[in-house]
């Protein structure tokens, strides 16, 4: 392991060697292995948004094996998916890429104001499938967040005890937040902090906007002139909010954008000290050759090139 | 152990030696060690109020290690924080300061009238992290208090069986109380009593105001002319309300105040027979040299000087 | 054991010898030991009503040890209190008086129409503290009674299995009852029956008034001319309603009264075949010499004197 | 994963994906990764033979970190050691090489005729240390073999359920075997079969001699003219005896030999269809540069060169 | 924590922070706190040798509290004793000295050739008594060693999971060893290695003699000219045999010796890189003032003086 990876692992000194081994497996795998940067392919949209919305743009993606292949060929650090998708493909790709088992999922057939995901898999599944980590989504801002935090707490305790790393999707949502507030910089930073305090090893948040949602926070951002004008500034603030950069924070691009806009965001993540990207629809919803080209550019940016 | 510590521990004779050992570890640690007084540094505000509101005033505090260092250098009796903050720093400071694991936490992304904190850590975490105690917040007055009392009861039973002390933050809040009522002297005294009856070893309450909230209580305070005119009077009443002074009760100062006002309050805590202070934002939100100077004054007051 | 105690224990023949031993410990302890009558000191008012309302009239009562001393000096059969009060005093009085651990409690900082107490202690606590029984309050009439009955059922099953007796405070309250109805004779009798059916070994109810609350009950009381004109009549009816006198039923006096009124009530309990009194505020809210004199009179009445 | 690895994994289709992932991790790691051949470094001799006998020839080996470094630099597929050695080094090399936790060990301070190893570690240890497999030694021929088989059965069941592969050292020993019989070809083949039948994923045996130990076996070897004249013949027979080559069988060289003799044996293993070598003393008992050169030759032979 | 303590703790990086905290508590306590050296007072001789043989020379030692006082006044790093002795004294000295609960014990009323100690306490006891570590004796060389190793393995797994350190007394004994062999340098080194491989955090062995017991070992000691002529040489070899000095190894002096002989041995432990002494009979079998003087000299030697 090189010095950068050693440094990152040192932040997790209170975890057992199993957790650190699995973090190292992700950090050292794929094209960005050893750089301290990560690109993860997540494919939970079949559950979260429905199959046609997810896979019709590139029907190859209906097949669970497609996403393993895509992640492997692109040189991603890891592939994350719900139970069924992993079960349906893992035997063909055993050991070829680190796997993250998404352990809760939410569907849109009943889209509540205050959502909570169903717990759909657990530590036993992750072990029998050979995963390196469990993934869990929390919705800070939801009236049901208390229950989610507690579910995460129990999952994380069980997972870490057996050496699995814990990846948390921290997505503010719920009746107490405006739509704009879900990606407000103060809210995203707060969501990163909550995930870190709950014991997350890797934290995934959305890219923050310049909006500040909470009145009390607004005063602080102004008084202390916290720089949030550029995306890189905001990424830096979010990373700082996750234990001063001592937790791995990666970002999702969210909705479709022109590729160049997307690459611009990746450069901002890199320049703001973010640890990488988790890229789902923007990769698997195009034909594989295009997807590989797209991800190649992303990784080149993280390697330090301009893309 | 000196006579004062022996006396304090005698109040906990029904606890097992493990609990008493961990109480002694806190009472004997740091600059106030052996005096029977305590100053504890709690840093849960990242979770409770958000990262920028908590750490922007002194950005060093984004780093979890900072608070360990601050507590150690200031000579605090203990440091209290949520799971993530302890996990991220404990390996660098093993055994250097008694640790209290905050086992439930609440965030402001959804700020209900009747709050309940999420259970975010447990006894297993406290043991593997080498803590001396678990901490738990209850909100007497909340419509959900029954659930919180029961969570505390289960946590306390489990914790004490393995020798961990139990620290309870008893903060009246909820739809049945006026804002002013949250710190009313009768309500704070009642909150201290409830925590003591629930088996708390150390009770943390807010400094009480002269206001009396409950009608039935008002009659009693008047009839029996309970002295509540000065802060020292009210501290004395709260301490009396926690088993006639046979439970350790410490006080928080709450929001910012001019330092001298704060010191005045500390003198009142001391003169009223309080056992010490739990000081978060007033310490970690200023630069370390100033914080050390500030805490030095606080400790001098508890040592009997005028500050 | 004398014949009367043997007779009382014969009603509990299906309980294991441990439960019967602990019932015998209470029945044979103190000044009324062996008479089949009981006077129990309960002190849960600090939790239930708040510290000042409970202890300001006689500030010695802020100290948990005071109540042990009072119960012992007065020759009570048992002392009942919540977890914290027992923990804080038991080590000074180990074995000096039978102890009942109140396992649920309710506070007034949020006073609902349909109350439920929080479970605040359990069988493990009772065993480690050396108690003879667990105590539990149910509120028949509350919309949440089902949950309370189930909690009691679980507690009683666990307690009896390890030989602890079960004492039930059965206090009708809730949105479905008028204020007057809470002590209506039909309601109190019904509450005693419910407690007995739930497996209570000792049942504590309030003294019943002449009021009949339930329409359907009213018809029956009239049709069968059930005697309820005098307090002794009503006590007799309540005792009959608890398995025809084959369960120990004791009564509380409730709010303050002139002492002679109180003694009159005690005579009615005795004459109506009640098994004794549970006397809290009327005893610990006066100075100890007065309290001892007061309790001496009560016990003399139960011994058959006129007081 | 390439076709050869896919083929090997197909033999383990009844194992869960976790076990296959961990087999793949070993098969794909290091210099022989992807060839289907393996060289594993085992260092349990400190326990099995004592420290001086093991490490005095190359004192660097007293340090547990040395063996991690050696295995990594040599490009071994995996490193196997007892609990203490793994615990003492794993944090410095997390994820750098697949680890096998030796779960039982035997020492020579009491050298019985019918040995049994002590169970010294378990599945929980393997998981928290981030291992890919558990290792277990059985002594077919020992009067205590039944107990060992049953211990293995329990360990294997538990290990496979959580995705850990099972490596079995199958070493005939005991009062019923002559010293020569311990490596007799019939006995070694029998030992390989027993391990396979017990569910071993990887089987380690000693190189078989031409001797045939068991009388009944002798008749069969003669009658069917089983070729055992050359070492390659005997390796082929042993591999055949482990499910016709559908289980990974690797061989140990045992005591010191001239290097060329050793290499000759490796060529025989390769030519007989063996899957590789497990090389302890022959590697770690020489200075690292020499050890690396030695292992380089071994691996070159497995890669198909003549060494 | 200073650099030396930080270095020592770094050897235990695979343990959880709780174990490291408890190691730090011992390393930082008492007069040698922070030096990396330890003097531990063990008093299990009442069980192991009988009361009169143990305490008649200084009858104050019949009282369990005496040994707490002695360890505290002398400034020892820790006090180790069986269950009963700790239970009988701990409440008077809560938190005053780190405690090690001896979890198995052996008596001489039946003195077998192949001894095994009875398991007399466990992790639950250690936690409720507030201990920092469990202690366990193994007898390598005993025909029953396998059972002891397995008992230790289970105890250690359970203890470490809850943050307790593991101290192993590794005392070769049994029918396969000559009396002289019990302290032979090869045997003691082997015993240290076995304890380390079993996961011991602190290893206690007897001072080794120049004798070499095992024939195979004899050849190695001669061939590699391992220096064992002086006691310091032998201490150095034993420390090396416990993971090249990366495990804390402390030594016992065994039988009575003239004080100066004893001090000479302590100097050899120090000069050979040993981590300290565990001194029972030589301290508690003399009057306290003499014992304190004796231990003062020992500690001065470890501090670097000549005694």
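Think of it as A, B, C, D and E in the order they're written, each chain with its own count starting at 1.
Just so it is clear, contacts are C-beta pairs under 8 Å (C-beta built on N, C-alpha and C of every residue); 3 or more make two chains touch, one makes a residue touch a chain.
A quick note: this is a predicted structure, and the numbers were derived from the prediction, not measured.
J.: Count the residue numbers both chain B and chain C use at their shared interface, divide by all numbers used there, and answer same if that is over half, different if under half.
T.: Since fewer than half of the residue numbers are used by both chains, the interface counts as different.
J.: Which chain is the middle one, judged by CA centres?
T.: Checking distances from each chain centre to the full centroid gives B.
J.: Where centres are the averaged C-alpha coordinates, which chain has the largest centre distance to chain E?
T.: Comparing chain centres, C lies farthest from chain E.
J.: Turning chain C onto chain D with a C-alpha fit: angle in degrees, nearest 5?
T.: Nearest-5 rotation angle for the superposition: 180 degrees.
J.: Matching A-B on over half of contact pairs, by residue number: which of A-D, B-C or B-E?
T.: Duplicate interface of A-B: B-C.
J.: Provide the C-alpha centroid distance between chain A and chain C, rounded to the nearest whole angstrom.
T.: The separation of the two C-alpha centroids amounts to 58 Å.
J.: Taking each chain's centre as the mean position of its Cα atoms, how many Å separate chain A from chain D?
T.: 40
J.: Any idea how many Å lie between the Cα centroids of chain A and chain E?
T.: About 49 Å, centre to centre.
J.: For chain D, jot down the residues that touch at least 2 other chains.
T.: If we look for residues of chain D contacting two or more partner chains, we find 90-91, 124, 129.
J.: Counting only chain pairs that touch, give me the topology of the graph as line, ring, star, complete or other.
T.: Contact map by chain: other.
J.: Which chain pairs here would you call touching?
T.: A-B, A-D, A-E, B-C, B-E, D-E
J.: So in the complex, the part of chain E that touches chain D is made up of which residues?
T.: So the residues of chain E in touch with chain D come to 11, 13-15, 140-143, 145-147, 149-150, 153, 157, 172, 174-177, 186-187, 189-194, 196-200, 214, 216-217, 220-221, 223-224, 226, 237, 240-241, 243-244, 246-247.
J.: Which residues, counting only chain E, touch chain A once they are in their complex?
T.: 13-14, 16-17
J.: Under the definition above, what is the set of chain A residues touching chain D in their complex?
T.: Contacts found on chain A: 1, 9, 16-25, 27-28, 87, 90-91, 93-96, 124, 127-131, 161-163.
J.: Can you tell me which positions in chain D touch chain E when the two form their complex?
T.: Within the complex, chain D touches chain E at residues 46-47, 49-53, 55-57, 59, 62-64, 82-88, 90-92, 105, 107-112, 116-122, 124-125, 129.
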